[in-house]
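Reviewing the structure listed below.
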């Protein structure tokens, strides 16, 4: 079920990028898209009866772990997403410094 | 023994040397080029006639060569034209912006030609063809126009691409690139595809209708010494491909019963006759002497196509003879005009006149060349046209025959125009200082003059060699020839006798000219016109609007093909702009839509 | 030496270089030279990192294929950075990141690790294009690039959820066992599009026009040669080993690629700016390379990548330098550029003729060989389309060449540094040599890519 919500967020992000001309709004949409993606990744490894995948001295017969790999992937993906967003914001700022606007439509002709 | 591999390497090596020599001094570089070309020509002539060339390869292991009579026929003609033209280089090169590379590219293209006619491998044939195209493409813009080079390259490339697609179709069906085996191995619908593709290549390179636009542009604007090569030598590559397609491939299709000829061949003959008619009409209209000769090349290309599509011994022999005769005639004519252009700086007919007084030998060379070109005895062009006429009538191709005769009559209308305009008539004041071409340029002029007459008087050796080609490539009956005569279906042509009578006529005329009273020389302005005073002597030039009434009849139509190709280029550009709008938008949304369209399309298709 | 150092050293150096900003570019030279030496010394095979034996953990795969890619990428970065050392001295850190990212992309055998390197090299690419001083185009590149890599990640995660592994070799095995291509269409499409954005395949590449259309002597060759060839190599790896397009997906991909070639050449034909002509030609070449990989013609695709990278480096640098000095990249305003720069003109002509695939140059050898293999595969229509596009390509390149050779009116003045001429001359000579002497090219064949071998033999 949670996968549908994740896909919905992903598509919402795409839609946001599609309709917005404002650089900041685009970056926000991009983040929504990435959050959707991250939730999707997490949901892949999720298991209703699962417990945290920590190795302990207790006998593990009959226990179901949550898949730890997607969690590791998501951490990396989040970091990468933050990096991209930061860079995007930096470019948005330099666009603003050059054209005094965040709206790409305002400077279409000045390309 | 001469080895083809060594000849190729020799040419490439001397091309590089000629670059540095020309850089040092263009005269020395050009003289070197003459000797390099001469060496190659002599090697080919000494060993090639009897198929004694060494075709083994040791240094270029990825090439393979074999010699055929057909290939040799072409290669010796083209090498000869190259040799003749190279004599002109010392006097022309200094005018060109990149003169250093001229000899380099010239020799490289000759290497390409030798390779193209000696290889027995389709991909190598393509290799050499492309090499010829790009080397010559860089020579043309040294003349007057860059557009001409682009047009030449575009059409030639279209031709090569058609050829290459055809080669791959053959390869897919036969599984090898061997030329003889490949052409023999195809059948059914494949043969139709290959036939069409090869013919596109042939038409493009021969410069025949409807792929002729580049011909007047390239011939007319190329450097003066390069026009003879284009017209006399390079367009013959198309004839070679044409022979491969028309003689060696038998495309399936209906046979036209009345003339007993396959539809494919008949269509080509028809295209050839269209080419004859259009070439003739456009040549009549043209004011630039070089462009006029270019259109004449177009119509002669048509003759060659008609000859090879008629599919019998006389036609085949006539076609090959015509290739030789036209190569000599057009080279002679273009070289004469090059000599005039060097002295006067123009090739426009209405700006020239009276050159016979200053350049009598050049005049004679041009005269003999155009006699051959128009197919008048006693020159080579007559014998070849005679053979082609025989074959066309023999087949009963009425429509084609009409075009062929129209072209023959039409060529009278245009070839003498440059003669009269450039050489005869009154001399303009600005050309008082003009002198006859220097001795080095007269050597090839004399040789070509002699050969034009030789091919028209003594056909024996040439016909014998052509019979070798017939025996090698076809099942046609050989043509019977004695020293001075050629025999065809409808009689025997005694070329020697005709030449004799012609000679006697000329002699009588000459005696009358000597004995009779000398004509009085008058100035061009020494005249009067009714009711108005003409103050510009150029307006009195007779070639101004000479065929005005005739031209008016097809003035509008004459640009149709050019407009068609312009429109085609324009349309391609429009498509490009549309594609830019669709794919290269500044709006990220457009890219997103494309991504989604493709995902949805795939999922949809797979789900179904 | 271990191939891990090819990634680790540049990454470490990138951090160190922040401390010594002035010397970062020299650090880059040292690192790339070390990398090139390392490529020759590295042992081939699977390299396990951290002691986790596959399919657990991350592993690298070193074979002839990745060695060629590494050599090309590192050497080109070195050359381009060295030629731009005066004009763009501050990019040392970023270039170290580029080297680390691209080396990682080529080497890694782990799909998620691949995604990480894709992002690292992507971020470095955005920074490089910032040197164009056109922040809007760079911003667009960033957004499209981020969407592309998100799509790639989505496809990758779907694959993970299906097969439970991220190791490429392991996944290929699982897919072969599963043998239901229908289910794989969605993830493969997503991954193909994700890579297609970076490899500038046609409908996903609208960023190219803004980026390469305003590029300079540094960003132009970096994006058009270095990134294009690295992406070509990894795309090839994915197509030949993982995707193995089948059925409807194969048809759609073929149509996309063939349309990409034809339309890009037509777009170049419609362009009047020299940089646009070059960039559209690059796009066409990228589609061509992908097309060859789809048809399993690995080795000639590899040679095409190399030849294209070398020629495009030369062409973009020459044009972009001229643009910088003249102030415009309209073909009209660059007319007669070579009248005073004979050597540069000859080199540019050789590079162009090689891209066009004319004889005596290596482009021709490559073209004929891959066309023959396409004919062997029965792709006569693909051949026809490629060749028709090549007519259009020939015409616009000849137009460009003749305009650049023949001046009209005033002569423009552009000075090329001797080092430019020297490096370019070596490249031109290489294009000429391998065009005439084909024997060394025949030494390698499609087995340069050993992934399938590893899959089959463990």
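For reference, chains read A, B and C in written order, and residue numbers begin at 1 within each chain.
Just so we're on the same page, a contact is a pair of C-beta atoms (placed from the backbone, for glycine too) under 8 Å apart; a residue touches a chain by one contact, two chains touch by 3 or more.
None of the values given here were measured: they were computed from a predicted structure.
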Contact graph of the chains (line, ring, star, complete, other): complete
Between the pairs B-C and A-B, the one where more C-beta pairs touch: B-C
Approximate Å spacing (C-alpha centroids) for the pair chain A, chain C: 28
Cα-centroid distance, chain B relative to chain C, in whole angstrom: 44
Whole-Å gap between the CA centroids of chain A and chain B: 67
Sites on chain A at which at least two other chains make contact: 14, 17, 26, 111
Sequence positions of chain C contacting 2 or more other chains: 143, 147, 210
Of all residues in chain B, the ones touching two or more other chains: 586, 588, 592
Complex contacts: residues of chain C adjacent to chain A: 112, 115-116, 119, 122-123, 126-127, 130, 134-139, 142-143, 146-147, 150, 153-154, 157, 160-161, 166, 210
Touching residues on chain B, where the partner in the complex is chain A: 586, 588-589, 592-593, 596
Chain C-facing residues of chain B, complex: 62, 97-98, 123, 126-128, 130-131, 133-134, 137, 141, 146, 149-150, 153-154, 157-158, 161, 164-165, 168-169, 171-172, 572-577, 579-580, 583-586, 588, 590-592, 594-595, 598-599, 601-603, 605-606
Footprint of chain C on chain A - complex, ascending: 10, 14, 17, 23, 26-27, 30, 33-34, 37, 40-41, 44, 69-70, 73, 76-77, 80, 83-84, 87-88, 91-92, 94-95, 98, 104, 107, 111
Chain A residues within the chain B interface of the complex: 14, 17-19, 26, 108, 111
